[in-house]
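Have a look at the structure below before the remarks.
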Amino acid sequence: MNSADLIELYRTVVTIRFAELRIREHVEAEGFGGFWHPGIGQEGVQAGAVAAMRSDDYLYYAHRGLGYAIAKGMDMAVLFGDLLGRSTGSTGGKGGGTVHFADQSRGVLGQGGTLGSNFVMGAGTATASQLLGDGRVTVVFFGDGAAGRGTWHEAALQASVWKLPVVWVCENNGWALSARFTDQSPTPNIADRAPAYGMPGVIVDGQDPIAVHDATSEAIGRARSGEGPTLIEAKTLRIRGHYEGDRQPYREDKVADDEIPNDPVHRLGEQVDDDTRRQIDAEAREKVAAAFDEALAAPRADPSVIFEAVWA
Amino acid sequence: MNSADLIELYRTVVTIRFAELRIREHVEAEGFGGFWHPGIGQEGVQAGAVAAMRSDDYLYYAHRGLGYAIAKGMDMAVLFGDLLGRSTGSTGGKGGGTVHFADQSRGVLGQGGTLGSNFVMGAGTATASQLLGDGRVTVVFFGDGAAGRGTWHEAALQASVWKLPVVWVCENNGWALSARFTDQSPTPNIADRAPAYGMPGVIVDGQDPIAVHDATSEAIGRARSGEGPTLIEAKTLRIRGHYEGDRQPYREDKVADDEIPNDPVHRLGEQVDDDTRRQIDAEAREKVAAAFDEALAAPRADPSVIFEAVWA
Amino acid sequence: MASERVLGYARAINEALAEEMRRDERVWMMGQDIGKMGGVFGLTKGLQEEFGASRVRDTAINETFIVGGAAGAALGGTIPVVELQFADFVLTAADEVFHKLAKWRYMHGQFEMPVVVRLPSGVVGGAGAEHSQSLETLGMHIAGLKVAVPATPADAKGLLKSAIRDPNPVLFFEHKGLYRAKGPVPEDPELVVPFGVANVARQGRGMTVVATGLMVGRALEAADRLSEDGIDLEVVDPRTLVPLDIDTIVASVEKTHRLLIVHEAPRTAGFGAEIAQQVQERAFFALDAPVWRVAGTDTPLPQDPELEQMCIPSVDDIVEAARALAAV
Amino acid sequence: MASERVLGYARAINEALAEEMRRDERVWMMGQDIGKMGGVFGLTKGLQEEFGASRVRDTAINETFIVGGAAGAALGGTIPVVELQFADFVLTAADEVFHKLAKWRYMHGQFEMPVVVRLPSGVVGGAGAEHSQSLETLGMHIAGLKVAVPATPADAKGLLKSAIRDPNPVLFFEHKGLYRAKGPVPEDPELVVPFGVANVARQGRGMTVVATGLMVGRALEAADRLSEDGIDLEVVDPRTLVPLDIDTIVASVEKTHRLLIVHEAPRTAGFGAEIAQQVQERAFFALDAPVWRVAGTDTPLPQDPELEQMCIPSVDDIVEAARALAAV
């Protein structure tokens, strides 16, 4: 990774971090109707993997934060608008809390509310690319918990047989709600499942955005050149509860609130010179604040939105 | 395997063979409303595996023939009754063609009409045994095609984590309807998928009933002693079409009708002395004929059966 | 005359598929055994030969991928027409059908979802409790899916073409018992049958019968028999349940003052209840008698091919019910 | 008096589970996060502590196993009471719910299937289109499943105990919006509420209102408001949809001559249509006006917690509809 790319990657990571913190602040102060699943501490996976994507590549994100979409270049005011149930959100105000959001122009295709939907959807989108010969790759994010769903098996087998241009990125943060990964997996790694599907399984340090980028880049290269899918497992940590406010009574090894082991922001930041870093931090903080304010100031949706977009 | 057991195994295999032939004869001569999925040539897997089961162990069978149930000791007249839609069938006359049949007293629990149901059902029954401490093992048969379903993944992961007393027996006959196994699997063997689930994967020659018996016996031993599931893949062949009458236009390497490569009946028969074998053959042929006649002579179900057994 | 050409229902579907694939390169298909084999019911015969193994794909046994993958492929700019081997298998992919296909556009406030799911449906030949159901009502209750239930070869072809051209997901219920039915099918490849327009299959003044799929023919046969007794049935086939042409049904009832609904799906909470209730809401004072239903039994379907027929309305059942209703 | 003890709906369910597990060793539970965490909605708190991790099991994210495994475990001689985290997830295990649970006994002509599937249901707090639905109607259309929809803490407890003792599979819809509702719950551990017996929650002579779950309270509130205007509602809560106590509903309509059905589920092809149709079939000439429905919108549910409330009937909606219907 050259230094310009590294600086951009740092910018992304730190922007996501500030967004995480701003949202937490809002949730703690005022709440909003829905749930918020923080992604703090997992920015390295999200930003690193997306940085390896082409702008027209397709993305299915997971439910932990907005990092995926920020990294893919979606407008933050729009994303916060979805979070806050504003008419300016990408869903036109139907969202709120744990969000669905999308941006067709950037290939941000959404997520299913039922975990594991993304597997079959993603393989399908990759089939479309294969058919159209459009050279696009689909990247599917998912958690270690979601990996238990049968849709994984159906999608992964078919994707491998058809050599579909899809990359599976597992954010293994060690938890699925109250279930510890090691209590619900017979093998120590998600990547151990890759050989069953005749695809490479790669384990990468999720707190190292560059390592995630590089692994994803290689996988995307394979996918794009017709060699089929790759399963990437990024080892990361769930710093907070399942949702913001979850007191995690089930968890003994609680991560201290402000302590992010191997913090991807710091790790990457160390590779950026101090002045640049300070400037990026200030810009990112400001951009997040401005976008959040913009979203807050936007009107809520008119109730008529309920009846919109049921049909095309 | 001692010689008495071997003789019994031969008796089972040849009985299933005669049953297969008798049913084919009936289908060719008169047909019946439904479909018949012949299991001819796969008797070695069915008889071998079931011979390793205790009489109170649980069985979920696959749709290819009646061999599983004959081996488990179900009354053949009852089974043929199910096939022929007679009131004397185990389903009281609701069956016909591709059958569901069951025998609670022998642990023959049935099959789902949607492939892959057996995986989750079987893991569940094994959970019951684990809870009750009843020492029973559940054996689940399935085809190479059914292995594509996501229920496999969900059941196999949980069974392995909970160390459930379940044994998975795949009859890999190389085909799922018109789909060649090698065209729909990214790896050459189903057993290659076992490591993903942290369980042993065993490949065995399905045309060798003793080998199947021994592999299953070991797996059942593991299961019964709390070591968890095993995946057994028995390599076998689909001799006929998917259903009797299927002309298999999709298949180039048609197996000649009467030629069963590595015929398990002959293979096992060679280990039985000629006199005994001839006697067993005669007895089996007669038993099958008598049971079939008995079923044919039985009355069809009264239409009122339609409303029976909806509710307990 | 070209429009008098007679074709089978299965052949009409095959023709619609071929024509739409020729018309639009984005149209493609996947499902089990649809390629080399041409489908277990032969519906896709010749299509892989013409369009290649990339556009006519054989999948493994993975219904969640077939449907969910179709949803994803629609987002990727194609128009997937997928087949589940039996309509019952919507239940092995229900999250994909009723959540992904039906709601993705709504949840994300954008995207089109041009997916057709072809569903061989209904009782025939002893396929058993999990291969014989009529599950179209489910698609009516959960918003976001269109639902077609063609009863004739012409409708099968014309509605399928509409379905493929529709930017919304469509559940396309083909009745297995009709695959060999023959009827006139116009040759014009631009002929589509619009959704939401009922077909008055028979005009009559004495009683309205609403029926779909296999039941349309049985209702018409019942009508022939009853006409000898002076009971004059009007048979209305909605053709699609979503959207539902309730106007035509209500207009008919306002003329006949009596309504009998016939469906193969189980009686309880079937689509007959909904149609009855809508008619009742809109034409209560036009009804001279209660709306009645002749419907499938509230039981699973037995495997036996004779018994299963006893679980769905016969011509006799319709005749008998209509006679009794006429006397109320 | 013991029977005047007040308990929350969630606590009542928890108590039923504990009592039945104490009563019968074969009863056990599995689901996501039900053990150490006590369930995402806290319904199973303390149960793993009391009964151990073998009888109260945390599963992975595998709904087909949770339900299909329960079916298999029932065949193996146990009584599984499983939880899906949200009722909507019946669609991720639909083959297991609507085929395995519902039809296994029928298809095989033997076996009991004593499984309870607990389903946190309904709109509350912005959970979105795939976590908020009221899907009870599906269980009514496909034969073989019993369906409970408790509206009060006492019913939640008593119906759940009945469900666990029933040899048939039961879909048990708990309304998430009622988990904190309080009400009298008798202490007697042998007190069960039988299936198929409606509760006349309020006596009245002017109009019958049938409502379930969260809608019962709203109907009662509407009744209070309308009584000031001299419109006297009788509120009937069927408590179970399968079996359905249609007799009590018909008897009420024969007294009031008007029927309004209120449900949170989408209007089209919801269970309201079925109840309306059965009433119409049985009491056509007793009805002075059409049966009307106040129901959920025919749309997916938006994620936003304010918007989603606008998709289900409010007290105002019920008041307004009842007023209008009284004037027909």
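Here the chain labels run A, B, C and D in written order, and each chain numbers its own residues starting at 1.
The working rule: a residue touches a chain if its C-beta (ideal position, glycine included) is under 8 Å from a C-beta of that chain, and two chains touch if they have at least 3 such contacts.
These numbers come from a predicted model, not from an experiment.
Chemist: Give me the fewest steps it takes to get from chain B to chain C if each step has to go to a chain it touches.
Modeler: 1
Chemist: Taking contacts as defined above, which has more of them, A-D or A-C?
Modeler: Spelling it out, more C-beta pairs touch across A-C than across the other pair.
Chemist: Which one of the chains is farthest from chain A, going by Cα centres?
Modeler: Relative to chain A, the chain with the farthest C-alpha centre is B.
Chemist: Provide the C-alpha centroid distance between chain A and chain D, rounded to the nearest whole angstrom.
Modeler: The computed centroid separation for chain A versus chain D comes out at 36 Å.
Chemist: How many angstrom between the C-alpha centroids of chain D and chain B?
Modeler: Each chain's C-alpha centroid was found; their separation is 40 Å.
Chemist: So the centre of each chain is just the mean of its C-alpha atoms; given that, what is the distance between chain C and chain D in Å?
Modeler: From the centre of chain C to the centre of chain D is 31 Å.
Chemist: Please list all residues of chain A that touch 2 or more other chains.
Modeler: 91, 94, 100, 112-114, 148-151, 154, 157, 161, 183-185, 310
Chemist: Would you please write down the residue numbers of chain D that are in contact with two or more other chains?
Modeler: Within chain D, residues 59-60, 62-64, 88-89, 91-92, 95, 99, 106-107, 128-130, 143-144, 297-300, 302-303 contact more than one other chain.
Chemist: Touch graph across the chains, line, ring, star, complete or other?
Modeler: Graph shape here is complete: every pair of chains touches.
Chemist: In the complex, go through chain A and note every residue touching chain B.
Modeler: 148-154, 157, 160-161, 183-187, 192-199
Chemist: For the complex, which residues does chain B have touching chain C?
Modeler: The contact residues of chain B facing chain C are 32-35, 85, 91, 93-100, 112-116, 145-146, 148-150, 176-179, 183-185, 249-250, 300-301, 303, 305-307, 310.
Chemist: Show me the residue ranges of chain D that touch chain C in the complex, using the header's touch definition.
Modeler: 88-92, 94-95, 98-99, 102-103, 106-107, 128-130, 133, 137-138, 140-144, 265-266, 268-274, 276-277, 280-281, 284, 287, 289-293, 297-300, 302-303
Chemist: In their complex, what parts of chain C are in touch with chain A?
Modeler: Touch list, chain C to chain A: 26, 28, 30, 54-55, 57, 59-60, 62-65, 67-78, 80, 95-96, 99-100, 104-113, 143-144, 167-168.
Chemist: For chain B, which residues count as touching chain D in their complex?
Modeler: Counting only chain B, the residues touching chain D are 58, 89-92, 94, 100-102, 104, 109-110, 112-114, 117, 119-132, 134, 136, 138, 150-151, 154-155, 157-158, 161-162, 308-312.
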